[in-house]
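Naming follows writing order (A, B, C and D), and every chain is counted from residue 1.
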Amino acid sequence: MTFIIDALSWVCLMMGCFLGISGAVGIFKFDEFYSRVHAASVTDTLCVFFIMAGLVLQSGFTLVSVKLIFAVVLLWLTSPVASHALIRSAYHTGLKPKLKTSRKESAKRGQS
Amino acid sequence: MSSINLLIDIVLLTMLVFTTIAIVRSRSLFAIVMLSGIYSLLSANIFIILDAVDVAFTEAAVGAGISTVLMLATIGITGYEQKKRRTISWIAPMVVVVITGAVLVYGTLDMPAFTDPSAPIHQHVAPRYINDSPTEVGIPNMVTSVLASYRGYDTMGEVIVVFAAMIGVFSLIGIREKKSEPIHAEPPARPILQVMAKFMIPFIILFALYVQFHGDFGPGGGFQAGVIFSVAIILYTLTFSQQDAMKLVPPWVLKRLASIGVLIYGGTGVVSMLKGGNFLDYSVLAHDPIHGQHYGILIIEFGVGLTVACAMMLIFFAFISRGDKNP
Amino acid sequence: MFAVTCLAILVVMGIALARAFIGPTVYDRILAVNMFGTKTVLFIAVYGFMTERPEFMDIALVYALINFVGVIAVLKFVERFPPPSASNDE
Amino acid sequence: MISLELYNYWVVIFLMMAGFYTLIVSNHLIKKIVGLNIFQTSVFMLYISMGKVAGGTAPIAAEGIETYSNPLPHVLILTAIVVGIATTSLALALVIRIKESYGTVQENEILELDHISDTGPQA
């Protein structure tokens, strides 16, 4: 039984790590602000869920689990709202998304 | 400290060094404030690794919340960019700094190794606190018992410093009542944020109360709770408006409550003197010394929380009312 | 197991830190700080389990609450006083 | 690991000197305050590093734990952080007043204005 729980929480933690790192790679590699926000905010919630789920499996039915679940709920509420507010104020202050890169521009960028 | 902890410690400290270099080199004040936020998060992580959970708690509430807000309010008034022109050459200060640093590094070579349990700092009063405080004061959190009981006089001084800083801020920049509408257009209403803030504020206040009264058993106490409580009001001010917030918690009430907090602290000391003990000796407050200690700590932590919360809110109001006046 | 997770979170923190250094717009920096805050919550939680004293989750909760307020405050000020480098820096 | 046993202290010294350098070199008053804050945090880090004990854990008594880290530095630094933010806010309030009466927060411009007012207004 403990072996199954350990294996499950191991899987959860690794999934969380994978999502976290892919989000980080996203905000580092993408060359435009809105795609970076996309990478960060999409992976963030699930990463939090998986890591906290892995920890809850380890701690069992205790006060610590309740606090962990609280933290997940809070992060699930606040993180998307923060991303929303971030994009909204970026858009309102005049940072326009690059909707399409024409071939000429991408060629130019490739050269520079 | 096992090697994995040491590795994490070293990685975090190295990140801190890079952040500091970025702060020193950056010209944009906004970038500096953002990097200071990261700096504070990093240092809180390091505090946790070095077992200082209470300190990390305080740094969490202060560094990420209040400090960023106050810095931004000031930058909004003074302008974002530094001017390019350097007036002082960087060479002479660099030489001074490098020499001072080299002397200090030479000084560290004689220091006891990091985490050495036989270092002098661990020999003098710490064993008394660690071994006897759970029985003498009767609460598990040694930091709280040292803060509120053994070194209660010291902490009272700190609370008075916070109070005095608040008075100083008020004598420099008072809260300005708004007479005319601000020149710039209000940003568009944002229903998502407002709904979210309405949902979050009760949670934050509840959490502040939990931190206030759970400080005996876990990390927390009056200082942290006060800061967290004021952050709730700051969130309210930011998502609604300053007028709404000042209707909710009028500054004249806050001023009185801040003074009452200090009075509660000092008054506890006076009561313990009247009951025949020393100043801030809580053992005489009840028949049983342990109960007395418990009551005393609860009361003075409440005073600390009250003063810190009110002082932080008032300082925030003072800053933000200036910011509206000078866009 | 927890040690591996801790190190992975540290890697994520490092990359977010790099984004905060590079910028280029203020919003990128805010994004990096927000991500850093979320990862700090996770780090504190995982580290508590790693050292077998997980009862200090309160600190992670504070971060979950305060980080949100910090980001909202920053955005509010950026909207009020648009920095000159907000749009033309990219 | 022998070479790294003083790493914490060296980082503390680096931070301290970085804050010191910012304080001397920068011309902008807010950046000076940031430098002062870095200096302050380095002191916090020094105290907390000294309080750590090998194999110790956070100083909150629990069953089955023998070694605790030193609680005294934690107490000192906990209050120092809150006092630090209070004094920082006082400094920032001073900066706001300076901006309002001088119209600038650049140190050299403030000194120039002071010089003009000392020597009397010159056309």
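Keep this in mind: a contact is a pair of C-beta atoms (placed from the backbone, for glycine too) under 8 Å apart; a residue touches a chain by one contact, two chains touch by 3 or more.
Bear in mind the structure is a predicted one, so any value in this text is a computation, not a measurement.
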Using the contact definition stated above, find the chains touching both chain A and chain B.
C
Between A-C and C-D, which chain pair shares more contacting C-beta pairs?
A-C
For chain A, which other chain has the most distant CA centre?
D
Just how far, in Å, is the C-alpha centre of chain D from the one of chain B?
13
Report, in whole Å, the distance between the mean C-alpha point of chain B and the mean C-alpha point of chain C.
19
Among all residues of chain B, those touching at least two other chains are 53, 73, 75, 187, 193, 200, 203, 218-219
Quick check: what residues of chain D touch more than one other chain, meaning two or more?
57-58, 62
By the touch rule stated above, which residues of chain A touch at least two different other chains?
74, 78, 81, 85, 89, 92
Pairwise, which chains touch?
A-B, A-C, B-C, B-D, C-D
Contact set on chain D toward chain C in their complex
57-58, 62
Mind pulling up the chain B residues that touch chain C in the complex?
4-5, 7-8, 11-12, 15, 18-19, 22, 28, 30-31, 33-35, 37-38, 41, 44-45, 48-49, 53, 56-57, 60-61, 64-65, 68-69, 72-73, 75-76, 80-81, 184, 187, 193, 197, 200, 203-204, 207, 210-211, 214, 218-220, 224, 228, 231, 234-235, 238-239, 323, 327
If we count contacts the way the header does, which residues on chain B are in touch with chain A in the complex?
187-188, 190, 192-193, 196, 199-200, 203
Where on chain C does chain B make contact in their complex?
3, 6-7, 10, 13-14, 17, 20-21, 23, 26, 29-30, 32-33, 36-37, 40, 43-44, 47, 50-51, 55-56, 58-59, 61-63, 65-70, 72-74, 76-81, 83-85
What does chain D use to touch chain B in their complex?
1, 4-11, 13-22, 24-31, 34-35, 37-38, 41, 44-45, 48-62, 67-75, 77-90, 92-97, 99-100, 105-108
